[in-house]
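Here chain A shows up in two complexes: once beside chain B, once beside chain C.
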Partner chain A sequence: MQYIKLYKIFVRQYFKQLLEYKLDFIIGILGIFVTQCLNIVFLWVIFSKIPSLYGWNLDELIFIYGFSLIPKGLDHLLTDNLWIFAKKTVVSGQFDKYLLRPISPLFQITFETFQFDAVGEILIGVLLLIKSFNIVYWTPQKAILFILTIPFTTLIYTSLKIMTASISFWTKKSGSVMYIFYMINNFAKYPVNIYNFVIRFVITFIIPFAFTAFYPASFFIRGENNTFFYSLIMISILFFLLSLFIWKKGISSYESSGS
Partner chain B sequence: MKNNIIEVSNLNKVFKKQTKSSNLISYLKTLILPEYTYFQAVKDLNFQIPEGQIFGFIGANGAGKSTTIKMLTGILQPTSGNIVIDGYNPQNDRKEYVKEIGVVFGQRTQLWWDLPVIETYFVLKEIYQIPDSEFNDRLAFFDDILELRKFINNPVRTLSLGQRMRADIAASLLHNPKILFLDEPTIGLDVSVKDRIRQAIKEINSQKKTTIILTTHDLRDVEVLCDRIYIINNGQEIFDGTLEKLKSSYGSMREVVFSVDHINDIEKLNYKLKFPEIEVYVKDNDIHVIFDSNKTVLPELIKYTLDKVVVKNILVNETSIEDIVKKIMRT
Partner chain C sequence: MLSRLQKYLPFAKAGIKISTTYKLDFLCYRFGDMLEAIITYFLWLSIFNSSSSNRISGFSFNEMKLYVFVSFFISIIIKTGVNESIGEEVKDGSISIRLLKPINFVNTYLFTEIGIRLLQIFLLGIPIIIFITGSYIIFKIKLYYNFLYIIAFVISFAISYLTNFYFNVCVGFSSFTLKNTWGSNLFKQAIISFASGSVIPFNFLPNVISNILQFMPFSSLIYFPTMIYLGKYTPYKLLNILIFQIFWLIFFYILSKVIAKVALKKLEIQGG
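Entry: the complex of A and B
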């Protein structure tokens, strides 16, 4: 309860800060919007030359791509502060102050800021899903499943960020490690069967990004992988618990810096 | 007899550091077979602090003050030893324990950089779940002694250092902690701001009976504020007692300053031969001599100096507590 109230306060504070830096905010949203539009133009150009990719046509690809942007964008919206943590909180000694407050440090760090720029990503994702809406044969079950899928796919992103952020407890900084692992999500935007075995294995079992887009999306489109939902729940929760475990380990070996 | 709110026994902290080599090959070797060096930052500290005391924790840079404070506040795990504060173990009972303490690190702020001061207080109000009426009372009290009103609606990043420190002190006390840790609260401030902050600390201590642990390099802070002085060097206790005790044990120290034309003349002086117990250092064109008036006779010292070099001016100072501390640390 206290945490929900606190979260509201953090969000409210964020919007107050936004008013201080209006231009930065507008540029941020525009930037993400432009990046995503360019990505789509790029896809368009390729698929106008190649009508299908390993048996996936343009609309299907758009659906998968759009689907992948939803959890990515939500995670970006809610937990962006983990990036800042990985880049500088430990090395600058700022982590001390979180340990001195009677609430969970992970909660404070994850939710302390809110990243409204991410709305650009989510918006593009939604537009792409709307564009390719017709290729899915929608039933009420599918619609419910679609909504239930979103929090778990988002959790995979957040867990990966918590894990890589935790590394900074040992190394003081882990921004670049986080970036490398985070970038693997780019593989999630396309059908998994276009990749070789190694990549497929990695994004299914090691860093399970395939569950954030392709497995659910292919179920909605073609009814393939119809047990995806159970594996998604299991994998995302396991991944999350693992990230909490690493975080705990990290805190216990934390030695603050400076005087 | 007052209760001890803080009990520290046999406290030790050893840091393990990986040896890094600038030589590429041995650097690669240490990646596989890491070598460690050990550094003992705190050695066997023992002290008790009674409730309501202002405890001055003094030592040079690197003496182990901050390491000790971090262990007391629960941030760092001691290598060995025991800390009991208000019945809690700072490391194991973190969430409950931190409700009882306030911490100000002079070098860093705990406030949210982009928020107005008052907004950051609202966030803390929620974190510590402070009831409205108490929150308002305390805010009024702090406004009274720290004069927050002038800048309470300004974003933290626009505050001057002195304003920020005042805002930080108030922030650390909003939840009415029993113990306040002040790590160099007057660092970098001008004299009048220092005075105001000292007044505020005194006021808080006398009105709220808050136990205060203060580290500082400014010994005026100690003279004005501290009931007790605890000095450490190389992680070990070297003095524990009142200011009076410090002065009576070491108070026969005096300082005499000779201004000379040619500072190289100091080589002619060879003080150590004639006055083995004195301390000498040079600053600009002045030769500072610190001596114990029980052991060294001032007129002799002056005569000896005048005989050897040309002196423009002589100044004799009562030793400040700063010199006393310097002296203790050297022995």
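Entry: the complex of A and C
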């Protein structure tokens, strides 16, 4: 309860900032929006040259692409502060202040900022899903599954960020490691069968970003990978527990960087 | 001339020191960027496999492969943080220290950056050159280039670097009122990566759009150097392109001077 109250304060604080820098905020959203739009233009140009990509047509690719942006955007919206943590909080000695407060440090670190720019990602994701809405044969069961899928796919992102952020307890800074792992999410935007075996293996079993977009999306489109939902729940929860474990380990070996 | 350059030598040396301190960080970040190029590579591989012909819009797969990695390499090397440095220093007032020095203050940024780049070109260039030459030998791809093309590529690349630098000086001075530089950077990056040809070679776009983009300054950043590397131009066309690139470089050089002058006139720094 206390946590929800606190979260409200974080968000309110953020909106105050927003009002002060309205233009920045619009530019931020626009920036994300344009980035994603141009990627779609790329796909569109390509599909004017070829009929299908390993059996996937343009609408199907757009659905997968749009789907991938939803968990990405949600994670970006809610937990963006983990980036700041990995890049400077430990090294600048500011982590000490979180330890002094009677609330879980992980909670504070994760949710301290509310990154409204991410609306750009979510918005274009939703637009792309609407555009390719027809290619899915929707049933009530599928619709429920669709909604249930989203929190778990988002959890994969957040867990991975917590894990890589925890590394900075040992190394003081882990922004670059986080960046490498985070960038792997881009592989999930396209059907996994375009990649070779090694990459497919990595994004399915080791850094399971394929579960954030391709596997769910292909289930909705074609009914393939029927068991994806169980694997998704299992993998995301396992991943989350692992990230909590690494965070705990890290925090217990934390030494302040001084001053 | 030499003594003029000598004044900037300490800045270049500082740049080299900066990049040696953060070399691991740099490599990690560029490895993350590299993943994007790898995705593009696989995407093109599947595109060529799905196509009924060997060439799409005049590109063979081998050329496309080179295009992806060469343009990636160029985009990393020409990257500059000058717009952010200017923005921050104007905001916190530390730019006044630069302005007080009896040297051209834009050049101080330039030489620091060149120092930073030197090590980075070395760190990245060697594995990439080995990779490219290796793929030439292993896959027996025709070697297009002769001495002329290599020289032209190096010149074109250097112009590309400077054009991007002065363009970002303009951006830095015109956008330091923004706080959220992350968003505006993303916006700029998206437009430029498309208009410079790093997302897709212009040849794939409809003719009209391709022609417009080729006449815009950003084609000079990545598209032209990469196409020169691929040996796509006749010597005559090559010369025209280099002249075109120089034109835009001069344009941004002058523009950056004008914008800097206007911005600095309005600059007020509180305290010290």
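A few comments on the model shown:
Keep this in mind: the second predicted complex is superposed on the first by the 259 of 259 C-alpha atoms of A that agree within 3 Å, B and C clash if a C-alpha of one lies under 4 Å from a C-alpha of the other, contacts with A are read in each partner's own complex, and residues count from 1 in each chain.
Criterion: contacts are C-beta pairs under 8 Å (C-beta built on N, C-alpha and C of every residue); 3 or more make two chains touch, one makes a residue touch a chain.
Quick caveat, the model's predicted, so the values are computed rather than measured.
In the superposed pair of complexes, A:Ile32 makes contact with chain C only, with no contact to chain B. Counted by residues of chain A touched, the larger count belongs to C, out of chain B and chain C.
In the superposition on chain A, A:Ile194 makes contact with chain C only, while chain B stays out of contact range.
Touch criterion met: A:Gln94 reaches chain B, while chain C stays clear of it.
Taken together, the two complexes place residues 21 of chain A in contact with chain B and also with chain C.
Of all the residues in chain B, the ones that touch chain A in their complex are 15, 61, 66, 70, 73-77, 94-96, 98-99, 101, 103, 105, 107-108, 110, 112, 114-115, 119, 122-123, 126-129, 155. Against chain A, in their complex, chain C makes its touches with residues 24-25, 28-29, 31-33, 35-36, 38-39, 42-43, 45-47, 49-51, 56-57, 178-180, 182-191, 193-194, 199-200, 204-205. Residues of chain A touching chain B in their complex: 2, 5-6, 9-10, 13, 16-17, 20-21, 93-94, 96-97, 99-103, 252, 255-256, 258-259. Taken together, the chain A residues at the contact with chain C in this complex read 21, 23-25, 27-32, 34-35, 38-39, 41-42, 45-46, 49-54, 117, 173, 175-177, 179-180, 182-184, 186-187, 189-190, 194-196, 199.
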